[in-house]
Amino acid sequence: MAEHEKITMAQAFNQALRDAMAADESVLMFGEDVGALGGVFRVTDGLTAEFGDARCFDTPLAESGIVGMAVGLAMNGMRPVVEMQFDAFAYPAFEQIVSHVAKMRNRTRGALTMPITIRVPYAGGIGGVEHHCDSSEAYYVHTPGLTVVAPATVADAYTLMREAIASPDPVVVLEPKKLYWSKDEVDLDEAQPGIGRAVVRREGTDATLIAYGTSVPIALEAADAAAAEGRSLQVVDVRSLVPFDDETVCAAVRSTGRAVVVAEAPGFASVSSEIVARVTERCFHHLAAPVRRVTGFDIPYPPPKLEHLHLPSVDRILDAVDTLQWDDV
Amino acid sequence: MPSNDLLPSEQPVQLLDQTGSRVVGAAGDFPSDDAMLRAHEALVVGRRINEQAYALVRQGRLAVYPSSYGQEACEVAAALVMGDRDWLFPTYRDVVSIIGRGVDPVETLTLLKGDWHCGYDPVEHRVAPQTTPLATQLIHAVGVAHAATLRGEDTVVMAMCGDGATSEGDFHEALNFAAVFKAPVVFFVQNNEYAISVPLARQSVAPSLAHKGIGYGMPGERVDGNDIAALLSVLGAAVDSARSGGGPQLVEAHTYRMQAHTNADDATRYRQDDEVEKWQDRDPLLRSEAYLRSRDLLTDERTSEIAAAAEAVATAMRDGLMVDVEPDHADLFTHVYAAPTPQLREQQAFLADELSREEAR
Amino acid sequence: MAEHEKITMAQAFNQALRDAMAADESVLMFGEDVGALGGVFRVTDGLTAEFGDARCFDTPLAESGIVGMAVGLAMNGMRPVVEMQFDAFAYPAFEQIVSHVAKMRNRTRGALTMPITIRVPYAGGIGGVEHHCDSSEAYYVHTPGLTVVAPATVADAYTLMREAIASPDPVVVLEPKKLYWSKDEVDLDEAQPGIGRAVVRREGTDATLIAYGTSVPIALEAADAAAAEGRSLQVVDVRSLVPFDDETVCAAVRSTGRAVVVAEAPGFASVSSEIVARVTERCFHHLAAPVRRVTGFDIPYPPPKLEHLHLPSVDRILDAVDTLQWDDV
Amino acid sequence: MPSNDLLPSEQPVQLLDQTGSRVVGAAGDFPSDDAMLRAHEALVVGRRINEQAYALVRQGRLAVYPSSYGQEACEVAAALVMGDRDWLFPTYRDVVSIIGRGVDPVETLTLLKGDWHCGYDPVEHRVAPQTTPLATQLIHAVGVAHAATLRGEDTVVMAMCGDGATSEGDFHEALNFAAVFKAPVVFFVQNNEYAISVPLARQSVAPSLAHKGIGYGMPGERVDGNDIAALLSVLGAAVDSARSGGGPQLVEAHTYRMQAHTNADDATRYRQDDEVEKWQDRDPLLRSEAYLRSRDLLTDERTSEIAAAAEAVATAMRDGLMVDVEPDHADLFTHVYAAPTPQLREQQAFLADELSREEAR
């Protein structure tokens, strides 16, 4: 690996878009400020220059229009990738996403497919003002017909974006804003597990931390801290929220008998609720304690000065691990 | 283009008056005799389809039917002005247009029969699935048109909606995207004066819906929606202009929904019978028939041939819809994704098991 | 009770609106077809005639506009009630609901309140065509700031609607379309438990069925059928999805040690996931078996001829109860 | 009203040319000397606020600042034409308008400081919270106006947005609702040629944004956005008309965003310096100053008084923002509902416990 340059997650996304556009003429990238500006996070930097403004272009400022246009382009042979500038600004497109993007294949019995990638820079931890830090994954994962992925590593950013674009189905890619500038030395050609696969990021024997997106690095940090205290925590990176990798996640939980789900979205009726429910349903007799959740509170995303109190932290994760009834063993 | 050229004419374009006589001095090309005859034939078929569908609802063979009775001239003209490679984007009310594009009537009625899928192959016919969430399909139409433009094809897209749908945000976004990308789309609004129970005055206080075009930099035109000649002329010109790079256009047809919104609706709760009666005299079929007869283009013999053709369509429709197709429970899972997720496989197996246990009982 | 007329749930909703409008001049009712027509389900029947078209009126056909207008009216002293014609047709208003209705109080520290009632005829079982049968509650309950109720009885239809309109906060009222024509003999003046309270609809000792909205009658039927087979099932009607009545629900589950959650929405990341998760977190050591779910499949709502296969049924509930590891006892 | 009266004038209304001379034969009332002097004073204050905010961003006291530098005439005029009981609906860029309505500058900047709440009491000031999700506030404005109408009050609502926001569906729905309900709203679009990096040509190919009015049956007008006299005249007339039952109006001001979208933006990626330079000569302050001086209304003494007043505002702003307000963790839960749910009480207790344990460590 030493021969590879360190790149940021934003660069990995950019490279994935570039390679996908080079490989397939039908791939189009569009949205607000994705052309000359290269996106407010620079994820589309240079694409217009390289592929021309017919392939990567700015649209009028209207998210429902952007997603709806993607639906039409997909109906007529294209493979559109759209950027929603921030999580909360995807809401005007909700109708198009739920009633058309997600359902078109089904309502035409496969005659019309929706190979659309919806890029959603998501979540907080960046000191952002209101409406710029929502974790909106629960809305998407609950919608049948959508595939939803949340990469947490630079390598996954590349792989999952390429897979999303190649998918015959619509994929929502949750891009963790906070990790855009995280760096890693990666070989982009090296195959990573695809959509639908969870990955054990760290082996451990005492309890399992289940995380995705922005929460994976925190979970890993917590595992480090726990190790220093003599407790061995396993970390599973879910990566693919839909489809969900029951096999890997449940095998992990069965191996330790204890689990904590970590996610920064409000917990109520969320991805973490689902993980608790399905892990419990499947692993009940292996569990020494109820599966715990460390999530954001059920509140609108807080202001910069308070967000650290809302976000899952190493201490909060370790506290949750402590409640997993160790005395009983 | 000087901006005022984007405004519609003061009055809706009319080529045939209520008696079927040509309007003197009317602008626009008058359709050929042949075109008028073909259109009339399609009108008769369209009317028969509406009548037959109504009967099928009463017999419980259709779950619901939003009839285009009285609006057949719009339905027919939209289909007739299109070329083979063009795309149609219909709403739930545009069954007659869809059939006019060559889709089998029984397939066309699949959705309204109560099935969850659109019944026909949208790609083969270049007819999008009928769309229920209002105005959402208009922006899809822009995407289809833009894809064609990017590939250098000269496809035109006919995107239909009602007067009520013009109030939705997606109408605005679609027209604006089309104008900015110069997409070859004809936005065809059938203003039938009602959105279910809500009269036009509650949708808009604009001089006309066609006056919305200029706000996007797009020509708007208005046409008598019960005058098949005017519709063929105006829609035909719009399609030609879009095809030759003139960009999108907005056409508003003034027509009237003669029946309730659907069979499930009770129109007596919100409108008076005399309002409906007033429109009976403006029936599009009366007008085209009078015109053709006045020009000796429609003989009694031809009339009965046309009636027979319409009857054949109705019979096939009835026969087709009388067949009970047993739904397959696998259908629930097959098309949600290209390949079912592990979760759906599990759920499908669960259901299969449940059904087999039930059978065993 | 004998002196009371039988009324339908639709009539109970109508009476609640009528009484609320009579009691408070600032209550306004608007939406699509709610005026002369009285709503496609006749829930607003007669309101325009009684209160005039300034109090109950049709709007242009635009759901985002309807909800956004409600926001403005609420900002200026009104108490708006809006009808979304069908569940799926509320999606164009999603942005307004999530970013404004739900957050306005918080972002103004209580200076602007949103006493808005959003009426959503929801769920299936009525042989409806596509987009007319969605169970969209998961989207709302996950959104902090919203209160969400789902009445299942005629009496609750009245009480919860009155409470929703009186609430200083925005309330989504999920009106179970399938039950609109269900009838009951009720005394509307009789106080029912308010928002935030679950109710045990049927006592039982062997296991607890937890349901809301359209699923309550099915759960009760299942309990009847189980009784005939000698098994005693308790039925809890959740009623108020947010706030959730942990106390009543958990007390019920602890008393039986077994539970099945019943809901017709797709199960993934849904209200039922949340109920499984929170009940398990709180009652783990009282549980003889994992909490089971009987929910709709993770698919778009199916066509009339197949919907019975999708919806929770008595048999499916009883099958789930059978899996609650009775042999272990 | 004959429909063409709804169209804007061919050219933006201008009362003062670039040199500050009165345009001969211009339509519209010219503001009084007193009004012009007051407006100039507000312009100087507005400019100073923009400069000070810029400095505060660099000092890390503001999280972000979307400057209205160059657009101050629009900001100032919007506030000045309003009456006491009128409501303002500002966007993130309209800090100068909000302060113009009498809101304390430090309170006004709360949101941009990085707090989650709007800082001031919207009801007391009749100024809605600054809205970030584009165009969504326009329909709230209609609701506020309609509530006033229902109560028989003569409130007018000034609803502001940018050129980019006109592409959103909510813009369309808001204008249409306002027109249908004849709500007393002035929709004021500051067309500053850019939506972040996207130039106007990508938002619209309409003859002007004001041409959108007619599509709703609403008068549209366009005005030179750097001409304070024209703005006072056009916006003043729109407010008067709305107040006297004339319904809503759409006003487009042609102006220019002199700085980047916010401090976080890099405008060199998408526009040339010479484009910006061209607009320097059109600075609204130069024009009003030249006019007032030419009429001997602005003495050197008065000029320094005005500068001192502006400096005082800037100083108060700086001092206020230098104070660190410790946020209270209870704020996370207090205002989500009128009374916290049991779930939030539980979560608040959890956090309090966590924090007390941390302190104990």
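Note that the chains are named A, B, C and D in the order they appear, and that numbering of residues resets to 1 at the start of each chain.
Throughout what follows, a residue touches a chain if its C-beta (ideal position, glycine included) is under 8 Å from a C-beta of that chain, and two chains touch if they have at least 3 such contacts.
Remember, predicted model here, so these are calculated numbers, not experimental data.
A count of contacting C-beta pairs for A-D and for A-B identifies A-B as the more extensively joined pair. Among the remaining chains, the Cα-based centre furthest from that of chain A is the centre of B. Each chain gets one centre point, the mean of its Cα atoms, and the points for chain B and chain D are 43 Å apart. Note on chain placement: the centre of chain A and the centre of chain D lie 36 Å apart, centres being C-alpha means. Annotation: 41 Å between the Cα-based centres of chain A and chain B. Each chain gets a centre from the mean of its Cα atoms; for chain A and chain C, those two points are 31 Å apart.
Looking at chain A, one finds that residues 59-60, 62, 64-65, 88, 91-92, 95, 99, 106-107, 130-131, 144-145, 242, 244, 268, 298-300 touch two or more other chains. Each of the following residues of chain B touches two or more other chains: 116-117, 133, 167-170, 172-173, 176, 180, 202-204, 331, 336, 341, 343.
Partner chain A is touched in their complex by these residues of chain B: 87, 116-118, 121-124, 128-129, 133, 136, 138-148, 150-151, 169-170, 172-174, 176-177, 180, 331, 334-338, 341-343.
Residues 32-33, 35-38, 40, 58-65, 88-89, 91-92, 127, 129-132, 268, 297-306, 309-310, 315-316, 319 of chain C are the ones touching chain B in the complex. Against chain B, in their complex, chain A makes its touches with residues 28, 54, 59-60, 62, 64-65, 68-78, 80, 92, 95-96, 99-100, 104-113, 144-145, 147, 167-169, 196, 242-247.
Residues of chain B that touch chain C in their complex: 63-64, 111-112, 114-117, 132-134, 164-165, 167-170, 195-198, 202-204, 265-266, 269-270, 327, 329, 331-333, 336, 341, 343-344, 347, 351, 354-355, 358. Against chain D, the residues of chain B that register as touching in their complex are 3-4, 6-7, 167-173, 176, 179-180, 202-207, 211-217.
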